[in-house]
Each structure stands twice: as structure tokens, then as C-alpha cells.
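Both of the next two complexes hold subunit A, though its partner changes from subunit B to subunit C.
Up next is the complex of A and B:
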């Protein structure tokens, strides 16, 4: 196990106290019974085919001042922050000249982000896989021919993980790239679906994802699908499925996810527009303030000149 | 692919050929290249297989070790995949050069084997909550000739098929710890049940068509490929009559730079599941034949010097 010795990592053999709680060892059947209430609603009150709304008032772009572009995305308890930095030249003698720009993606979980365990500071295989998936999703969208032999860094930090972190990360990165005015073919949106016992659950929470991937003897479909979609070009840039799902269900899920991504696109556009409006307003306020200061200064100068002339 | 040089005309030749369903080595878009497979090639491993798919050469060795099960899944064993890209394959794999490729393949395998309907981890349990078997699947890539994922998954399934885990003779509780007693006889062991283990199929999009089993040159011409994992049918892996199990997707992923229109992806995965079923039955047949040969001591070992 990789370990960062420069940091204090806590005692190695500590365990989460949750392991001793009754909830920890609940079986698949018990959890499944709790999945839906008597009205067919999920724990957070949503219907099966209801996604969490990407809150337009909270989710926004341009929140990290040092970065070229940045975005914050919040889906109830899933909170993701993403920043995009200026392209920089790829150096080093062993690297060949690359005709296409490179994208470097890094997805990181905050140590306290996950409900089940504390995340280590050193990237684990989960994070590496997420980074690779994010890279796959974005490489297709960005006009990499516009910056040959340059590398662009995209960092995603997951502050709180409550399901759908890959799709949230892609959405955040898409917004951040747009904020950084990186040339792109299209806007991306991503959405995910969990399949539990043949039921299709849109935009699952962490508990639902856990149940979908839990070990069970049931023959029914179980799994998790995440999809990244380019809205205007009508193309998938990434499609990931895990679990065991039959062909019919996969095809059905594709159609559902396509619709979900289309719905999400409206919200993403709204966030982008509101960001432009906000920046424009801020700019206007700044201009007015500058004008006001100018006037004050001018009047002072006039005053002093009068005094001088009088004296 | 590493160190490969193709001129523009060669690319056009490959792409146009595929458009007409006639590839440069005479295959159609749905054909695999000849596969050679030999099991039990490494004497120190619990199970091993060596697979040669045209120029792709894979060696898989499986080691079994005793481990403590994860607290959240006390009744399940563990399986882990490690891929090593040997610098023999291409000088670019030297040092940390092959790490990215190795990570990608082991990730796909881990995802494909994660599903409960793909690989039954309950058979690796020794003592619930206390001890379980852990399978270390070590994959060595000796030569790259394209289509690594498919070749690796075939070799892994073959190696798992030959893996035997020893019977536990007795278990003593010693103040909360478990003391296991295993028999010394290596034949006093049981084979793993691996009928449902998934196979990976790479569908490479070249021009407007998808091809299975791309060669290194063809991979070079493609910008996007779809990798699917399809669970196997246990009926192919036993001589007894058992019910057919419907194949399911255990993983789907895309690699390379490029997007796909939904309909294209749909046709690709339906093409892939057909290919996976054919591969699965062929693998089952040859593994059963090989097992029979071993039982009747008729087997000629080929080893690496064929």
C-alpha cells in the first residue's frame, strides 16, 4: 500500500467506528427493503426517475481566482469543485513533440468526503480510475489541435461524495473549461444511473450505488452506468458500465441517460449565462466605482489647486 | 501502438479494406486471429496459462494466499489483478513506461470481475469473517501484437480454470485466531468454478465499421474503441449437463479519443456480445479437452520453445 511518510497518517490499524454499528453489516435484502418507502419514493423523497436538480443558485463558475477557469457543482450532498489552469508547454527531452495538446486530469477525494471510510491522501486506485475516465470524457470535447505540445491541467476535488461523483466531476469540468474559454466542440453533460433488481434509478445516491454493486445471489440486473454526452453533436464521449446487466437493459439505459443529459444541458447553459451576466454586472460595478473615485479625486485636485492659487 | 510507423497510404489501405469487410490479413471484420493456449505452464503457480494470439503473447500465473476478508463482506474471498508490461515487448515499456497501459488493463479486469454474477467470490471463503483465500492474478505481457484486453481476459479465465485451491483439513480456534491445517498432497484440492468469468471484447472503430481483434496496425488507425466484458456460460466449462446461463455485460467502457453516436454504440455492443459468446464456447471446449488430456497423461507440453 502506497503511503506518504511526510504526512501524519494516523495510526495504521484504526477502523471506522461505523464498523461496529448495526447498519454496517446489513445484508442486501435488508437494504433493498429500505430502498423505497410505501409510496414508491426513495429515501430523499425523489421518485425513481427523478434526478437531483443541479442547483443553479449555488452551482456556479469562476470561484477560484487563481485558476483560469473554475466551477463548483452541487447535487444535494455531492459537492465538487474543479479548476482549469492555463496550458503550459510540455518540456523534457524524452517527450516527443505532440501535435495535439494534452490534458492532465486529477480527481481527488477529500479525506472526509466519503461516508464509509476516510480517504488517504495518496491517490488510490479509485481516484486513478476516475481521473482516467474524466480524461477520456474531456479529451474528445476539447479542441486539442488548438494548442499543440501544450498541456492543460484540470483538477477536480470532491468535497463530499453522495453518489454520481464521476458525472458531477465531468459536469464541473465542462463548466470550468467553458469558464476558462478553452475552445471546445460542444458543451458536455454527464449523468448516471443505478440498476437495482431490474429497477432503473436515475442519479443514485451513495447508498444506492453501494446497493447496486453489492454482492448478491440474485440473477436480476444490478449495476451502475455513467454516460457523458455532447448535446449538439449527439455523441457519447464516454460510457462506463459496471455490474451485471443484460443487453436489453443497457440499451434502455442509454436512451434514458440521453434524455437526462439533455435535461441537464439546459441547467448547465443557465449556469453559464448567469455567470456571464454576473461577471458583466461586476465589471459594470467596478467601472462605476472607478468613475466615482475619479470624480472625487478630480474635485479634490480642483480644491487643492484653488488653495494653492489663493495661497 | 508503441514504436509503430505507418504511412498515410498504408492507413488508407487498412481503412478501405475494412470498409469492404476484407482486412489486410484476409479476415473479415468479425474474425479472430488464430489463438494458441496452453495451461499449467508454471509449476510454482496454483494455476497458469500462456496464450498467444498471433503476435500477442500473454503469460498468467495465479497464486493463492490466505487473507482476512474485508469487514463489510465477511463471507467473500478476494481477487486482485496485476499487469506487468515486460520491456521485452517493446523498449517503451522500460521503467515506468508501461505503467499506464498496465493500470488500464488491470482496472478493466477488476471492474469486469467485480460483479457477483461474473465471479463467485463465495467459493474462496474459508472461515466466515476470519479467513479467506486471496487470488493474486499476475499477468505478464511478453509481446504486444494488438488486442491486449481480449487476449489477457482469455488467458486469465484459462488460468483460473486450472487453478486448484487446497482443501482445509482442520481449523482450530486459538484464542480468536484461526489455525488452518492443509494437506501436503497437492492433488488434494478443488478446482475453481469459473464458468461465468467474463471475457473482454475490444471493438475497434475504423472508418465507419467496427472490427473485433484488431492487429497493432489496425489499432493505430482507429481513434475510438469500445471494450465490453461479457460474463461466460458455465455450460461450456463442464462435461455435465447444466442449464445455459444468459450472458450479461459486466463492464462497458470506451477508450481512445473520439465520440460515438448512440446508435453506433448500440450496434457495437450487440456485435460484441455475439463475439464474446463464440469466444467463450471455443475457450470452454479447448479447456475441457486439455483437462482430459492431462487426466489421461497424454498431454505433450509445448512450453515456450514451440
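Up next is the complex of A and C:
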């Protein structure tokens, strides 16, 4: 690890205390028993095909005052915040004129977001991969022909990681883009699935994702699938699958994910509508306040005018 | 209408308000914004706190790690504080390594925390010269609307106060470490530093001091962020920084310190009610 001169660094040999606790050395079978019981229920009480609900009262748009558009998405413990800024012109003589607008995405994890270890402040390959995925997912949705030679910045910050962070990031970015009034073809929604021992688990938590990737049995399907879907156009914008899964299972998973994305879309629409209503009400209040202030200013101007006329 | 005016003539817009003895957001000169505080919102972190001062939002999370102490200080633990100003929180910050401004903020926060001696680093040592706690305190700004240092210090102290350390057993012969997560003790925090930011506006008649400025006000007063930061630690001053801006009128100097002191008492109360 290169030394970071711009930040305060801890000692080089520091290790998370969780490494020395009893939980660290648990085997695959123990973890499996812990997460999924015999009745087909998960640790948090959900059924295998039950997604966490995107809470409409907590998840909202317009959360960062300095940004053009922003959104906060919370799926139980997974917390993601996203902000979008005004498009800015691409400058520099090396760049050729681009007929389509560019999208710049950056996904970052908070240092304290992951349960297993502390994330370094310097960006790592994991974050870069997520950024690239997010960019690919959004490029086809945004009407890039509307702002040629301009670049739009989308920043996503993962405050707490408890599974499905890519799909949460895409959902947040879609909401933030809508909040920033960026022209788009459709609403995007994304969902993820974990496959453990041929069992399909919808909207996995971090522990379940971890289990899906530490498989031992090569005969059975194991892996993670994330899909991003445009509801009205019936098109995929992003598909990511890791692990070893046979083709039949992938097709089955795609059908499931499509249905999940459709369900999510309704919630996303609801959040958008409530955002419009709230902004409309806020605007009304602001207008009234502005009116009052302008009256005060006007009276001051009158006063000065009188003074001028008098002397 | 006023939005357009603000963009075209920011100085005049600001001056109009100041000459009416009111600030653009309707506050008086020495009025602060309301504070919202929430502790332990992030369960993956060992301790965390979130603060909202007006629009300014800062999250602080603490992660615990174990390391061998430094050879020159064998009975001291580590307290590592960093402030991250994300490109997400304002269009002024660009992605990449932290800017000069971010480093200044990070350093100021570190100075205040280290010098207020609110944490005894000896408490963090488990076995002298062998094992000690490392507290990584990361403060992340999610929305930058002025007076970040105040928000950072308050979240940091709140999360430190809610932090509990798990019990550790260390075998001297085999050097084996065992951590018992179920048995935790609260960390001892002895001071309670509270910072208050001011911006000093040079109007033609006199210099006006604004308490708890927003980003727009900070910009108008032309400093690196806030112009003046006063930090009280339970009745003692523990740091005063002045970054550019106008000079402070002599008569208001005492008044300024009193405003900061009053605010420190208020923030202390807020922290107590949040943690109780």
C-alpha cells in the first residue's frame, strides 16, 4: 500500500478485531444453517422469494441541498445516497467533439460501511467495477443526444453495505436523475438475486452474498445476479452475473428479476410523485416569503426616494 | 425572481439583506441553525452519529482495529481522524485525492480533538508494547452548507461517547489474541469540545459578524470556509482559528466568545439528550 500523504494514516499492521472473534472461523455449513432454516425462512424472517421493501417514507429525493438532483435509498440496512450535478462542458484540446453527452459515475463505499473489514479511503478495484457497471446501466437510459459535448457527474456513496449495493445504487441514481430533470427514455429499476445450493434467494443480504460466493460444491449452482430493467420499453440495460450457474438457471432467474423490477418500479413512481408534491408545496411557501421580502425592500426604496427628493 | 437576482448580483443581493439587519435565510446575525442529531444509525460501524445543522449533513463512523503500539510510545493507542469532503456534497469538490481545503479541514478537526485531550490514549492500550486499539474515525460530509467543522466535531464526540470496546484477552506466551464481542465496556471520554464558526462580513460602515454561516455567506465573506472558528471545551478555550476575512471590531470580540460559549452549552445538552 502506497503511503497517503494527504490523510492521517493509522499504523500499517492494524487488523480488524473481528478477525480474532469466534464468528470469524465459522465454516460454510455453519453459516448456511445460520442463514437458512429448514422451513425455508431466512435469518431476518423473510421467505426466499421475498424482497426487502423500498421504504417510501424514508427513501426520498432532493436530499442534498447543493446538488441539482439527489436521492437517498434505504433497503433495511443498505443505505445509499446519490447526487447528480448540472452538465458541464467537456473542455481540453485533446478531447474530440462528442456528439453524445458523457456520463461520469463514481461509486464509493464509506470506510465504515462493510461489516467484515474497514474500507480504505483510496478507491479500490471493487469501487471502479461498480462505477463502470453503473455507467453502462445509465448510458442507455439517459437521452445523451440532448446534451452533446457535455458531461454529467453522478456520485453514489454507500453509507452501509448490506447486500444488493449495485441495484440500490442504480435505483438511487435513477431517482436522482429524475429529480435533476434529466431527459430519460424510461424509469430504471434494478434488483438482485443470490443462488445458493440451487436455491434462488431474492434481494440477498451481505451475509447471503458472502455465502453465495464461498461455495464448496461444484455440482450445484452458486452465484449472484444483478439486473437493471426498463419497464415500459421491456429492455435490459445492465446484467451482471458472477459465480457458476448453468444456462437454464440463468433464464429462470431473469424471469424472476423482471417481475421484481416491475414491482420496484411502482414504488419508485410513488417516491417520484411524492417528491413532486412536496416540492410544489415548498415552492408555494418560498414564493410567499419572497413576496413579503420584496415588499419590505420596496418600502425601503420608497423611503430613499423621499430622502432624495427632500434634499 | 430573487433566485435570478442572487445569481446575477450575488454581492448586491447579500448586501440588501445585511442592510436590513437580516440574513438571506431569515436569521438574525447571531442566530444559529437548528441541530438534529442521531446516534448509531449505521449498525456495521462500531459507533456512528449523524448530524444535520440546517442543510449541512455530516456522518461519522468509527471502526475498531488492533495493532502493536509505536516503539517510542509503547503504552499509547491510536486515534485516527479523517474528514472526507465528497464530490457528492457540493459542486466545488472534484473526485480524486483530497483537495487543499479538505486537508485544512481535516487537520483543524484533528488538532482540536488531539489537543482537547478528551480521550486518554493510554486507555486504548491493552498490553504495553504488544497490543493497542486503533480508532479509525471517519467523518463524511454528505451535504456541505457551511460550518462543517462544527458539525464534524459534534458528530465525532457523539460517536466517541457511544463507543464501547469489546473485551480482549492476550496470552503473553503464545501471543494469541481473543476478542469477546458480547462483553463490552464504554470508552471514557473526558472533555467535550464544541466548535462554533463565524463569518465576518466587511460592509462599508462596519464589520458584521455572522454566526453559523451557510456556504453562500462564507463565500461572500471571502475566507477558506468560515473566517473564525472558536472552540470551547467545558468552560475552557481549546482552539481559535482565523482564516482571512475582515478584522473583528474590538467591542465584539468579547461578545463573540460569549456567543460561542452559549452555543457550546446548548450543543452539550443536545448530545446528552441524544445519548440518554
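Basically, the second predicted complex is superposed on the first by the 278 of 311 C-alpha atoms of A that agree within 3 Å, B and C clash if a C-alpha of one lies under 4 Å from a C-alpha of the other, contacts with A are read in each partner's own complex, and residues count from 1 in each chain.
The rule we apply is simple: a contact is a pair of C-beta atoms (placed from the backbone, for glycine too) under 8 Å apart; a residue touches a chain by one contact, two chains touch by 3 or more.
Quick caveat: nothing in here was measured; it's all calculated off a predicted structure.
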Could you check whether subunit B and subunit C clash or fit when both are placed on subunit A?
-> fit
Contacts of A:219 with subunit B and subunit C, given as first, second, both or neither = first
Can A:260 be said to touch subunit B (first), subunit C (second), both, or neither?
-> neither
Have a look at where A:208 lands relative to subunit B and subunit C in the superposition and call it first, second, both or neither.
-> neither
Would you check which partner chain A:140 touches, where first means subunit B only, second means subunit C only, and both and neither mean what they say?
-> first
Touch check for A:17: first (subunit B), second (subunit C), both, or neither?
-> second
Check the residue A:66 against both partner chains and state whether it touches subunit B (first), subunit C (second), both, or neither.
-> second
Touching A:179, do we find subunit B (first), subunit C (second), both, or neither?
-> neither
Compute the least Cα distance separating subunit B from subunit C in the superposition and give it as a whole number of Å.
-> 10
Those residues of subunit A which subunit B touches in one complex and subunit C touches in the other | 15
For subunit A, which residues are in contact with subunit C within the complex?
-> 4, 6-11, 13-18, 20-23, 63-67, 77, 79, 81-83, 85-86, 106, 108, 110-115, 118, 121, 153, 155-157, 159-162, 289-290, 293-294, 296-297, 300
Residues of subunit C touching subunit A in the complex = 1-2, 16, 20, 26, 42-46, 48, 55, 57, 59, 61-68, 70, 78, 80-82, 84, 86-91, 95, 97-98, 103, 106, 110, 134, 136, 138, 140, 142-145, 166, 168, 177-181, 215
Under the touch definition given earlier, write down the residues of subunit A that touch subunit B in their complex.
-> 15, 19, 24-25, 116, 125, 128-129, 132, 136, 139-140, 144, 213-217, 219, 221-223, 225, 230, 233-247, 250-251, 254-255, 258
Spell out the residues on subunit B that touch subunit A in their complex, using ranges where they run on.
-> 71-74, 76, 103-104, 107, 110-111, 114-118, 121, 226, 231, 246, 248-255, 257-262, 265-266, 269-270, 273
